[in-house]
Amino acid sequence: MFVHNFQYMFKVLMRNRMLIFWTFAFPLILGTFFNMAFSNIESSEKFDVIDIAVVDNEEFNNNVNLKNALAALGDSKSKEQMFDIQYVTEAKAKKLLEEDKIAGYLLFQGEKQKIVVAESGINETIFKSVVEEITQTVDVVNAVAQNEIKQQMEEGNLQGMDAATAEKIGREVLERVQGQEVSIKNISRKNLSYTMIEFYTLIAMTCLYGGIIGMTAMNQNLANMSSNGKRVAMTPSNKGTVVLSSVCAGYVIQLIGIVLLFLYTIFIIKVDYGKELPFIVLLALVGCLAGLSMGIAIGALVKAGEGAKIGIIIAVTMLGCFLSGMMGITMKYVIDKNVPLVNQLNPAGMITDGFYSLYYYGAGSRYLFDVISLLIFSAVLLLLSFGNLRRVKYDSI
Amino acid sequence: MTVFKAFLKVLNQCKGTVILYSVILIVFGALNMQTNDNSTNFVASRPDVLVINHDEEKGITKELISYLKKNTEFIKVEDSEEARNDALFYRDVNYIVYIPRDYRADVLAGKNPEIEIKSTGDYQSYYAQLLLERYMKTTRNYVDICRAEDGSVDETALLEQVKSTLKKETAVETTSKLDADKLGRLSRYFNFMNYGLLAGAIFTICMVLASFNKEVIRRRILISSMKRRTHNRLLLLSNALFAVFLWAAYTVIGFILCGTEFFATKQGIAYMANSFVFMFCAVTIAFLLANLIQNKEALNGIINVIALGSCFLCGAFVPVEYLPDGVLAAAHILPSYWYIQNNETVKTIETWNFETVKPLLVNMGVILAFSVAFIILANLLSGRKRENA
Amino acid sequence: MANVIEVKNLTKEYKELRAVDDLSFEVRQGEILGLLGPNGSGKSTTINCILSLLNFQKGEIQIFGQEMKPDAYSIKRDIGVVFQDVAVFEELTVYENLNYFCGLYVQDKETRETYIDEAIALVGLEEFRKFRPKKLSGGLLRRLNIACGIAHKPRLIFLDEPTVAVDPQSRNNILDGIKMLRDRGATIVYTTHYMEEVEMICDRVMILDKGKVLAQGSCDELKKLAKIEEKVTVEVAKLQEAILEKIRALKHVEEVKYEDGVLSVVYRAGTNNLVKLIDFLETEAISYSKIYSERPTLNDVFLELTGKELRD
């Protein structure tokens, strides 16, 4: 009985074009959109050479320190290159700025120097900061060199303090100051690629949409939901067995959909789910279960047409995915930070967070918390539906 | 009136969907207002930094913190490493500085203590690192000249030196005078409205039209005493009224959430005009789709693909500047592209004259051209269907 | 003959409506029982109660001498139901649908296959085995619906308006099939509101309205319930009111009407009414063209019992 019903429900579901669209094709289409939209976002965020201009006038040429320092930072052969510098006239610099070709330009007017930018942005800020750093370094060198000279004089080396020696001291100090090393150690976690969240929400969406499959399969066996269900109710088959095997058929199809999505995202879109395969599989299984439970609950508890029920599942899923970052990754963080309860109750949030934890932190307590939350979510919904499902006689059909 | 009443009745059945998309839009708008969204707000010049100080807040350590505070935005994050890591991942914080215990003592002793950091690796964090390095270098450069014979360091003098050096700033002249931040928010809201209008309006209108277009009902209308043209026109009018209502609601919500001060400004009017034209286009898309496809479930799928596709590929969800050139080039075939381009343009216009407004008008013209094309196509299709019937 | 179904004092109430009101009846072995009643008279509700799909407030139901319960699988095995709505899977072919539903009764594959073949032959769907329901016409779809209900060779079959929206050809085919099932030994409960169907196939008829049995018996027995005995219709060109009065005064006449040149006279009882009327017309020297006499139909009985007001 179980096998017979399972086989046929599997066939029925697989031949339902709408179901297959929502659970198999739609996530793949969406994944492709994500891939197109996000392929650039992180690489464009990485630090890149900033385009600037310097007004090539007499004052600039006289300021040797700054000129040399800028030349070093603009050296395209150097690894430390920071700027792509054009040495131009003031008029040309203005034009470049207007055309948005450069972030800003440096202008010397007498002793003073000035940076001209179009708006305040991070490139402009870095530009300003670097120019400041150069002048500040000069300031440091001057202070340290003066101190050096003073010391040498105190030690009685005054006689030898001619211009050449002073310059020699100055050069030494400059080298020392520029070569001054500080140690900064980057201890960030790897896996900082936050666009991964998008793909995790996609998995969440697929898991939850999968509820439509279970719901459809189950409705075919409920006398109060469909005329097929009435027919099934009249057969000498145990209702529990029939419903269970239908739901199982739905679950298996759901898993096939998820596997397809994983294969597509891993091998074609190159999404990183972290390294721990068994935990990824566990989360996918539990996620699908949550979707299935949602489908069962909506199928069993909501008295409405099948179209309306599918509508409800889609709406709940979309809202859940929105809250867990599908339409803007920051959304998930803002919710997690300010109203954590929302995403702890949101199945899409639990699934997304589970994959995120796995990717960023590895299989730890947070991952476990998400998995357990999903299990509790499923259990509660199944229990709620159970009362309605167990009923074999109805007040009205 | 009869047609309009029937329209409202069918519409009533789709209220769930309309409410859903409206709620999404409002939540987006509200959060957009509150967050200083780094992933999209590219022009913030103060990186978001978190300092975890394990040292005593004294002397050069205190000065380091206040130097960073002066030049960066300090972010409050729950006091746990996990919360910090989350904050870093979602770019709430660009740079985390862990000042080690005895940092001050070590520097004064001439050692080179190591500072641990966490970084997102983007421009913002790069700038934060620049600031941190500069402070550390400057103190190390000055520490020797402030050292007395006995090896002790005059910390006050050291701090004086450091401060005076770091105070040397370069004058900056900004040529633009727009409130880029607030306008950016409004612009983002209107970009996001692309989703609400496409998903919400198209879905509802299609569902209503699908009900009216159902073979049996269509025939009944064809044989009724009302002319088919009149009926179609009334139906179109009802849909248009609904769409205008939706547009007005979304627009008002937008201004309430993102800045009422823009309401009567040139920018505000430009945003409204642009979204109105786009709303019109959305209605025509709905008309075309409803004429193409009768099956409600299939319609639902296609609308979702169109709405999400337009939003992702044209820059409603992801800021336009982050989209790859190839995607943007392909997006030209979608009306949403022109709509969003306009929103982005409005944000940057400083002087309003015909020259600067022209590109807006051109883009709106393109959207209207799309609409006309959709209407013609829809009419051709419905005409052919009648012949076949 | 043993009773296959026994219903005692069945009462089913929806919120405000008493759909079945203290109903008692039985179905005998090997008969086709016609359940007649206007829309909303409680036919489907009664069947659903008997099948244990619906809860009911009061009453006892026995099938094959045993109490009917949702888990009375041994009873269910011998029941076949053809519901009013077509209950088949859109996604499965004719054969697959039959195989699925039959499989829920019959585990053995070979037996099942022969059963399905027989069912397909019975409803005449041999050429459509691999068709999906969408491709079937209304009549064929109804036949598939019936086949799904009877493929497992039940001893008791419920047919709930199986011929709604079916063309006369298909209908006759379906009715023949039902008679064949009865001839093979099945007991059949048949609901409809097509009188001619009832007259064609039912051994016994029960007229239901407002959840109560109004009358039961064979078709002929029911016809006797009619107050009228005979209805004579005459086409007369011209007739004065005085003549009408005279006709009204004739023996056994219940009702006289004259409209658009047609005179109709309804008789309560009596024999040779037609001849007597002709004699009368001739004595009055009234010329007439066509004249014919009708016996009461089941339809007359039905309308008389259930009233003529519109339902739904």
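Think of it as A, B and C in the order they're written, each chain with its own count starting at 1.
Everything below uses one rule, namely that a residue touches a chain if its C-beta (ideal position, glycine included) is under 8 Å from a C-beta of that chain, and two chains touch if they have at least 3 such contacts.
In this text, all values refer to a predicted model and were calculated from it rather than measured experimentally.
Can you name the chains that touch subunit A as well as subunit C?
none
Counting only C-beta pairs in contact, which pair of chains has the most of them?
Chain pair with the maximum contact count: A-B.
Report the inter-chain centroid distance for subunit B and subunit C in whole angstrom, where each centroid is the mean of the CA atoms.
One centre to the other, that is 67 Å.
What is the distance, in whole Å, between the centres of subunit A and subunit B, each centre taken as the mean of its C-alpha atoms?
It comes to 15 Å between the two C-alpha centres.
Can you list the subunit A residues touching subunit B in their complex?
Against subunit B, the touching part of subunit A is residues 18, 21-22, 26, 29-30, 33-34, 36-41, 44-47, 97, 104, 112-126, 128-133, 135-136, 139-140, 143-144, 147, 177, 180-189, 192, 194, 307, 310-312, 314-315, 318-319, 322-323, 327-334, 336-337, 356, 360-361, 366.
Tell me, which parts of subunit B touch subunit A in their complex?
Within the complex, subunit B touches subunit A at residues 16-17, 20, 23-24, 27-28, 31, 34-35, 37-40, 42-47, 78, 82-83, 85-92, 98, 112-124, 126-127, 129-134, 136-138, 140-142, 144-145, 161, 164-166, 168-176, 178, 180, 192, 195, 296-298, 300-301, 304-305, 308-309, 311-313, 317-318, 321-324, 327.
What part of subunit C is in contact with subunit A in the complex they form?
14, 48, 51-55, 70-71, 73-74, 76-77, 79, 81, 83, 85-89, 91-92, 96, 99-101, 103-105, 107, 148-149
For the complex, give me every residue of subunit A touching subunit C.
Contacts found on subunit A: 1, 4-5, 8, 11-13, 15-16, 220, 223, 226-228, 230-239, 242, 392-397.
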